[in-house]
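The two complexes that follow have chain A in common; it is paired with chain B in the first and with chain C in the second.
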Partner chain A sequence: MKLTDYEKKGIAILEPKGKIMGGPDATLLHDRLHELIETGKKQVVVDMAKVEWMNSTGLGILISGLTTLRNNQGELRLANVTGKIHSLLTITKLITVFEAFDSVEDAINSF
Partner chain B sequence: MEFIQPVLTIIYFVFAGILLFLAYSIIRDQSGRVNRITAFMLFWAATGPIFLAFGTIARLDTLAAAPFEESALYNLAYIWELFFPAFLLFSWVFPIDRLSRFRFPKLRYIIFFPSVFHLFLVLIFNNPERILKLLEDQSGEGVNSLLGWFISFFLKPILYLLKLTVLGFSLLLGRQKILFSAINLIYVAMAVYSILKGRAQLANQQLRKQSTVIIWGISIAIGLYSIAFLMPDIFSFDIPAGLKTSILVVALIIGGGSVGWSLIKHQFLDVSVIIRQSLVYTISSGILVGLYILFVDQGNRLITSIMGTKTTIVTIAFIVAALFLFQPINSQLDNIIRRLFLRSRTDYRNLMELLSRQLISVFDPVQIRNMVEKTLKSSILIDHIYFVLFDDKINEYALFPSDNIPEKVIIPRGDLLLGGIGQLETPTMIDRLAVYRAGSILADELDKRRVQLILPLKDANHLLGFLALTEKVSGFRYNAEDVTMLRILSNQLITILTNARLYADSLEKQRLDEEIAVARQIQLDLLPKVYPQTDIFQISACSIPSRTIGGDFYDFIQKGDEALGIVIADASGKGMPAALLVAQIQAMLRSEVGNNGHIKNILSNINKYIVESTSAEKFATLFYGEFNKQRQELHYANAGHNYPILIREDGAYELLSKGGILLGAFAGMEYQEGIVQLRKNDILFLYTDGLSEAQNQADEEYGEEKILKYLTEHRHLDSNEIIDGILAEVRLFDPTDPPRDDTTLIALKIRKGNG
Partner chain C sequence: MKKPTIVDNTIRIPSSQEYLVDIDSFLEGILRGYAINESTIADIAISVTEIVNNAIIHGNKSDLEKEVAVSITKRNSEIEIIIADQGSGFDPSTVKSPITDDNLLREVGRGIFIVKSLMDRVVFNSRGNCGTIVTLSKQLS
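And now, the complex of A and B:
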C-alpha cells in the first residue's frame, strides 16, 4: 500500500493505493491518522478509489481510525467505495457505521 | 688430575655465558622494573664464574711471577659481591613488588654501599704499607717556598688524618673476609625471608609455580655458596679445595638452571616464546661445545700419553663424528625442545587450538566466560578479566559479574565510551579512548575495576561486546605477542558467541514451536469431535488453518432435545492473537447459549464484551443459528459474516444476511434475528472468507458465485460429499497449501421434512 494525502477546504484527504493488508500498512495509516489528529485535523476523508483489496487487518485499520477520530470529536468518511470493497463493507455491515460517498467532493461537502 | 683445571674453566665460562644470556633475555622484550632488577642480579651473578675462570687460567700459567690470589686483578673478583645486594633488591620486587611501598626508597641504593666499599678497600688499599710510605715521603719534603709552606700547613693535618684512615683500613683489611662475608650472609638471609613472605601472598597459580622453582633454585644455590665460601671465612674452618669447587659448580647449575627452567617452562618474567626457544638452543649448544672441548682435550692427552707425540687426530675424528652425528643429534634435540613447548601451556598457537576445541561444544554463556577467563589468567597472567556483552535476555549491554565484583551493571546503549569501543577493530589501551569518557557510566565502572586493555568483539554488523582486561600480575606490560594472541582469541570468541546465540535462538524457537503445537492441540480439542447426526439432518464440517493455529472456528451446541446451535466465526488477523480471540468468543457463546438468552441478545452481549476487552482493530465476524428440529426452523443472527447460503431442492437459494455489524468493533450495537423454514433436501452451507477469497494465478477470486454454482450443481450430494467436493475444487483453483487464509466450511442437509 502507498499512502498520499492532501488537504481541501480544511479537510484532510487520505489516498491509500493498492492493497490494505496487515504489517507495515497498518502502522503507516494508523500513524498518519494520529499525526492528523495531533495537528488538529479531525475531519478526514479516505478516498478508496485506488484500493484494490482489503483484508481483515485492513478493515481493522479503518475501524480503529474511525474510533480514534470519533473519540477526538472528529469524523472519518469514505469516498469512492466500489466493487469488492463495497461488498465487504456490506457483508460486515460496516457500511452502516461508515458514511460512504460516491465522490471525494460529496464527502467533503457532507461535513 | 691435571685436566680438571681446563674443564672447570670451560664450565665457569659456559655458566657465565648462560647467566648473561638469561639476563639479556629477561630485558630484551620486557622493560618492567622486575625484569630490570632480575637482569641486574643475574649480571652480577655472572661476574662470579667469569673471575673464577680467569683465576683457573692464571693458575694454569706456571710462568706467572706472583701467586694470583695476591694480585690486584684477583681482588677485582670481589666485584662479584655486588650480587648480594642485587639479590636483596630482587627479593623486594619478586614475587610481589613491595619496593614501591617502601617508606625509605633510598634504601635500594644504600644496600650496595658495603660491597662497593669492600671493593674500594681491596683494590686501593690492598697494600697499605705502600700507601703509608708514599704519605711519609710527601710530608718529609722541606719547606722551600711560601706556597710550599702554605700547602704543607694545610696538608699536614689532612695527611695525618689520611694516615689514620689508612691504618684503620689496614686493620679492617685484615678482617675484611669475615666482616663482608657476614654482611653478605645477612643479605642472603633477608632476601630469602622476603621472597618467602611474598610468595605466601600469591594468588595466581601460574605465578606460584614460577616462584616455587626460582625461590628453591636460588636459595639452594646461595646456600651452597655460603657453606663453601662465606661460612669458612667467618668461622675459620677449611673445606678441601676439590669439594669447594664441586659445591660451587653444583650451586651454579642449580641457580642458573632454576631461572632458565622458570623462563622456559613457567613463563617467568613474561619472556616471549621465541626468546625462550632460543635460550634452550643456546644452552644446549653451550653444553655441546663443552663436551667437544672436554673430549678433544681428554683424547689429546690420552693419545699423547700412548703415542708420545701431540696429534690432531682426535680433533679431526671429532669433527668427522660431529659431521655425521650433528644432523641426527640436532633434529633429536629439536624434537625434545618442540615437545617441551608444545606440552606447555605457554605456546599461544596450541593454547588457542586447545581453547577453541573445548569451546566449540559449549553453548552456555557462563561456561564460555569462565573458560576464557581461566585461560587468559594462566597464559597471559592477567589479574582480572571482565566481560561486557549484549545480553539477549534484557536486550541491553551488561557488564557481567566477576570473581571480585559480583554485581551486574547494565550499560545504556547511548553510552559514549560504548560507542567509542564500537569503532575499534583491534585490542586497544583504554587511555586511547579518553575522548569518549565524558559522562560515561561505562568509563566509571571500568575505572573502578582498573581496566587497562579493551578487546572488542565485533561481527560484520555490530558490537557483540568486549573484554576488559586489567594489568598483568606484577605490573608487566602487554607485549606484541599478547596482543596477537588476544586478537586471535577475540576472533574465535566472536564465532563462539554467535554460535551460542544461534543455539539459544534455535532452542527458543523450538520451545515456541512446541507451545504452538500445544495451542494447536487445544484449538483442535475445542472443535466438535462428534457431529450431531439424526435421521432429520446430516451435518459435516472442516476447518483448515493457514498457519498452525488459526482464527476460524465452528461449533455445534446442543440446546435441549429440540434445538441445535450452529456457529461459524472468523476473527481478524491470523495466528496466535486471532486464536486467542476466537477461544474467548467460543467460551462466551457457550455460556450465553447455556443461559437460554435470545439470539440477538447473545450477539450484542458478546459484542459488548469484546469491545470492552480488546482494541478496535480486534474483531470477529460470526454467524449463529439455532435449528429447531420439530418446527424445522432456523433462527439466526449474522454479525458481519459471509452470508451463509441456503439452497433449496429446486435450486432456489437464500442468503442469510440478517443480523448486524461485526463483533467487537463498536460499542452498543443491536442485532436482528432472522427466521427461515427448512425443508427436505435443503442444504445450508456456511463458510469463512478463506474459501471465497481463494485466488488463482491470475489473481481472480474464487468468489461467492462459484460457491453458489457448485452448490446448485451438487445439491443432490450428502453434506460430507459437498464439503470434500468444494474443497477439492477450490484446491484446483488455488493450490496454495496451507491456504492463504483460514478456511472453514459447514454443510447441513435436511433429510426428512416434517410436512
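And now, the complex of A and C:
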C-alpha cells in the first residue's frame, strides 16, 4: 500500500493506494491518520478509489480514526468506496457507521 | 533471520506481518494461473491474510522462530487453502460476534466473521500445543 495526503478547504484528504492487509503498510495509514488528528484536524476524508481491497486490519484502522475524531468533536468520511470494500462494509454492518460519498468533492461539501 | 520459502504449492513465512505481501503474491500467482476471476481472487486473498494475521499474532505470538505455512490446491471446481501455525491452539467459539451493537465500534475481532462470509467452508482444527490448522474452501462458479 502507498499513502498520500493533501488538504482542501481545511479538510484532510488521505489517499491510500493498493491493498490494506496488515503489517508495516497498514501501520503507515494508522499513524498518518492519528498524526493529522493530533495536529488538530477534525475533518478527514479517506478516498478509497485506489484501494484494491482491505481486510479487517484496514476496517479497524478506519474505525480507530472515526472514533478518535468523534471523541474530539470531529468526523471521518469515506469517498469512492469500491464494490469489494462496500461489500465488506455491508457484511460487517459498518456501512451503518461510516458516511460514504460518491466523490471526494461530495464528501468535502458534506461537512 | 529466516526468509519466506516456496516449495511447489506451499509457502512458509516467519511469524512477521512484513511477509503478508509474500503470501499475497504467492496466492495471486497461483490463482491467476488457474484463470480465476479477480473478485474471487480478492475474496481468497482477504480471507487468507486474515487467517495468517491471526496465526502470526495470536498463534505464534510473533515468534520469528515459528513459521506459518500456507498451501493451496485446486480440486475440480474448488480451491482449498490450508494455513498452519505452530502456536498453542485456538478455540473459534470464543470469538464474539462483531456485528452486535456492543461490538460494532471495536477496532479488532472481525477477521473470522469476514472469512466465514467470503469463503464456502472454514474448518478450524486446533492441535493443542502443536498449533492450529485452518482449512478454507471456495467453490469456483
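As a convention for this text, the second predicted complex is superposed on the first by the 111 of 111 C-alpha atoms of A that agree within 3 Å, B and C clash if a C-alpha of one lies under 4 Å from a C-alpha of the other, contacts with A are read in each partner's own complex, and residues count from 1 in each chain.
Basically, contacts are C-beta pairs under 8 Å (C-beta built on N, C-alpha and C of every residue); 3 or more make two chains touch, one makes a residue touch a chain.
Nothing here was measured: the structure is a model prediction, and the numbers come from that model.
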{"item": "Chain A as common anchor, with chain B and chain C clashing or fitting", "value": "clash"}
{"item": "First, second, both or neither for A:E35, with chain B first and chain C second", "value": "neither"}
{"item": "Chain B versus chain C as contact partner of A:E105, first or second or both or neither", "value": "neither"}
{"item": "Contacts of A:V97 with chain B and chain C, given as first, second, both or neither", "value": "both"}
{"item": "Superposition-derived comparison: chain B or chain C, residues of chain A touched", "value": "C"}
{"item": "First (chain B), second (chain C), both or neither touched by A:M21", "value": "second"}
{"item": "Which of chain B and chain C A:E7 touches, first, second, both or neither", "value": "neither"}
{"item": "Single chain B stretch clashing with chain C - from 273-281, 543-551 or 651-659", "value": "543-551"}
{"item": "Overlapping contact positions on chain A, where the chain C interface meets the chain B interface", "value": "22, 26, 55-57, 59-61, 63-64, 66-67, 84, 91-94, 96-97"}
{"item": "Chain A partner contacts - residues on chain C that touch it in the complex", "value": "16-21, 24, 39, 42, 45-46, 49-50, 53, 98-99, 104-111, 113-114, 117-118"}
{"item": "Chain B - residues contacting chain A, complex", "value": "570-574, 615-619, 621, 639-643, 657, 659-662, 665-666, 689, 701, 741"}
{"item": "Chain A residues touching chain B - in the complex, by the definition given at the top", "value": "22, 26, 55-57, 59-61, 63-64, 66-68, 84, 91-94, 96-97"}
{"item": "Partner chain C, residues of chain A touching it in the complex", "value": "19, 21-26, 52-57, 59-61, 63-64, 66-67, 83-84, 88, 91-94, 96-97"}
